[in-house]
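Supplied in structure tokens, the structure appears directly below.
By letter and in written order, the chains are A, B, C and D; residue numbering begins at 1 in each of them.
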Amino acid sequence: MWRIVHQFGSPPWVYRFCDRVIPWLLPITVVALLTGSIWGLLFAPTDYKQGDSYRIIYIHVPAAVVALAGYYVMALAGLVSLVWRVKLADTAMRAAAPIGAAYTAIALITGAIWGKPTWGAWWVWDARITSMLILFFLYVGVIALFEAYENKTVAARACAILSLVGTVNIPIIYKSVDWWYSLHQPASIKFTGSSAIDASMLYPLLGMIITFYALFALLMMLNLKQSLTEEYAQSAWLNKRLTA
Amino acid sequence: MYFDSVADALAMGGHGAFVWGAYGISFVIIFFVLLRPIMSIRTLNAGIRQEALRKQSAQVAQENAS
Amino acid sequence: MTTALLEARDLSVHKGLRQLLKDVTLCVEPGDLWQLAGGNGIGKTSLLRSFARLASIEVYGDLSRCDDVLYVGHSAALKGAMTPRQNLKYHPSGLCTPTDTEIDEALAAVGLAGYENALTARLSAGQKRRVALARLFLPSGRLWLLDEPFTALDVAGVAVLEQRFTAHAQAGGAVVFTSHQSTDLGDLLSVLDLEQFRGD
Amino acid sequence: MTEARDIDILHYCRSQTVRQLMLMVRSPSEVVNPLLFFLLVIVLFPLGLGPDPEQLSVLAPGILWVVALLSNLMICMRLFVDDLEDGSLEQLAMARVPLSIAVLPQLLASWLASGLLLSVVSPLFGLMLGLPLNVAPVLIASLLMGTAIMLLLGAVGAALTVGVQRGGILLALLILPLYVPILIAGTRALNEALQGGDPSIALALLGAGVTGGLVLAPLAIAAGLRVSLEL
């Protein structure tokens, strides 16, 4: 067990791992992304209530789901860095934040675009969109805090604490926003949550969710590799690897 | 395909601009998020290789001198 | 656990990407007076703060020390809106709960008799420094960690402080302080030149 | 050398509370300014929205809470700044009491000066916005608890940003999203009271927030302060 932990904490090992996986994962993810999009855009049947605008679901929902999961990934890395002082966990935390912010941005933008044909307004204070907006601010907060510190070791510690505080708060924020929404507006059209979604619509959705997870993993590895290259530019192992 | 024609697929029942726009913007964002680390790794690696070469040639020069 | 008040083994202190000090090994026994010496920027204060455990994120290695530590840093933790007496009585380190007489005696010892109830904001820089050092004359702390204790003190003040160091060491305490000037502490003093630990 | 006397946590907290209150009394502007800010912003709303009392009273819960949130943010921005500068913070960290407990007196003093005072005078501001006087108890109760949670959460942000240049705007970015549940529960309690409903669920949630915050926030505050002390 300790050896595994040790391996995950060893920069050369992780660098090699990323180096090996990325060439496979990158094309797979891109192909899956294109396939899923085409499936959702062209082959899935039309929703009888919303018409074709519902097809945004295949990008909006996966982005929203994985964005939330991404925050937990980041907080977990923060916890590892706080408890075991694994330097690599700092790097992982730093790698996750911009991806999460990008995912929340996608969810927000697609949500706004979806809102226009559905409700006739670009911005509707729907519970999911509002939660996503707050999640976006939480991500931006972590990134801004990291940038604010000059000393990056200290910055990582600060971000770890912040992301843990955020993790405790996210369920409360989500619940409270749901509560607020249900009191102010009786649910009319929900983006998701209808259990009677047809399989022909569901499968592309599931496929896209998995693809977005894979994309998250891919981006995580790319960012990790980038940070490691930056941090260990002077080290013997990296030099040997690159000049060999 | 669900749609009868390419024109139908592009129109999306009148919502074409929204649907295609949403996908387009999303892909642009994904593209940039992907590209950023890849380009950065490329520049960093080039820098490291160059540095290594410089050191190597300096070493050779030193050996030749002595 | 030994009787040592502070034991550091192979301590390395970093600052961002730079390693300030490495392999610092030091054992402070009761009765020791240690001066951390070295040029500007070598990391005297950083090392002292790591001894105090005020810096820990960028410190690697083994460090054990007693709990009963008095630390006086560059800034004196004095509030201008309070009098010297109140500043000492309600000091946030809370190391001791001194009585008013003890406080007055301590203030007298650093030459501030008559200023007990003046507003600290009205005191001069040297006087403020003395208020901060008056803590050393209160019953507090076995291990003293002092950052540049002699700055902003006149000759008489330095002499008083040196006497106090010696008395503290003889009573079984220990002092670790940073300073780049030499002192008259005699053979009790050991000097740790940080130059030998300079990091890569 | 005299024997160091053992330190008693309760005694320590009492002495630190005295210190904090003493400091607060000697600089009354720090207490009064957030209140003045609150009053000023409240005055701005009728000027912007028009003087119609009915319209104002509909918006009053939201206005009061948003302004309370902002004035709390102002307090949090100042929370540890002076103490970091003058070295009080490092002495606090040197106390032989866990730092998470050692900060409590300061939080208590800040809350007494900001939260308690604000809550007590809030019905006056409510009156200015056309809130009936019979919701005053709910207003006071919700603000008492809400300001406590906000201070606890805000202190975490303040602890993390106190050592940073231009930490103020960063602090707002960090903690305002975390204030959302407080805002929702607080305005909910007021709206229920206004419409003759039952505000107890919202108040109970705020109470739960205070309890949870008191348990968890000091740990995060202490960890944050230690980070800021590293610089």
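Simple rule for what comes next: a residue touches a chain if its C-beta (ideal position, glycine included) is under 8 Å from a C-beta of that chain, and two chains touch if they have at least 3 such contacts.
In this text, all values refer to a predicted model and were calculated from it rather than measured experimentally.
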If you tally the C-beta contacts for A-D and for A-C, which one comes out higher?
A-D
Chain A and chain D have mean C-alpha positions lying a whole-number Å distance apart equal to 32
Distance from the CA centroid of chain B to that of chain C, rounded to the nearest Å?
55
Cα centroid separation between chain B and chain D, in whole Å?
46
So chain C residues touching two or more other chains come to 57-58
Going by residue number, chain D touches two or more other chains at 227, 230
Overlap residues in chain A, where contacts from two or more other chains coincide:
151, 154, 157
Graph of touching chains, which shape: line, ring, star, complete, other?
other
Could you run through all the chain pairs that touch each other?
A-B, A-C, A-D, C-D
Give every residue of chain A touching chain D within the complex, in rising order.
82, 134, 137-138, 140-141, 144-145, 148-149, 151, 154, 157-158, 161-162, 164-166, 168-169, 172-173, 175-177, 179-180, 183
So in the complex, which bits of chain D are touching chain A?
153, 156, 160-161, 164-167, 170, 173-174, 176-178, 180-181, 184-185, 188, 216, 220, 223-224, 227, 230-231
Chain D contact footprint on chain C (complex, rising order)
52, 54-58, 67-71, 73-79, 81-82, 86, 89-97, 139-142, 167-168, 171-173
Under the stated contact criterion, what part of chain A meets chain C in this complex?
150-154, 157
Hey, which residues of chain D end up touching chain C in the complex?
1-5, 7, 11-12, 15-16, 18-19, 22-23, 26-27, 85-88, 90-97, 102, 226-227, 229-230
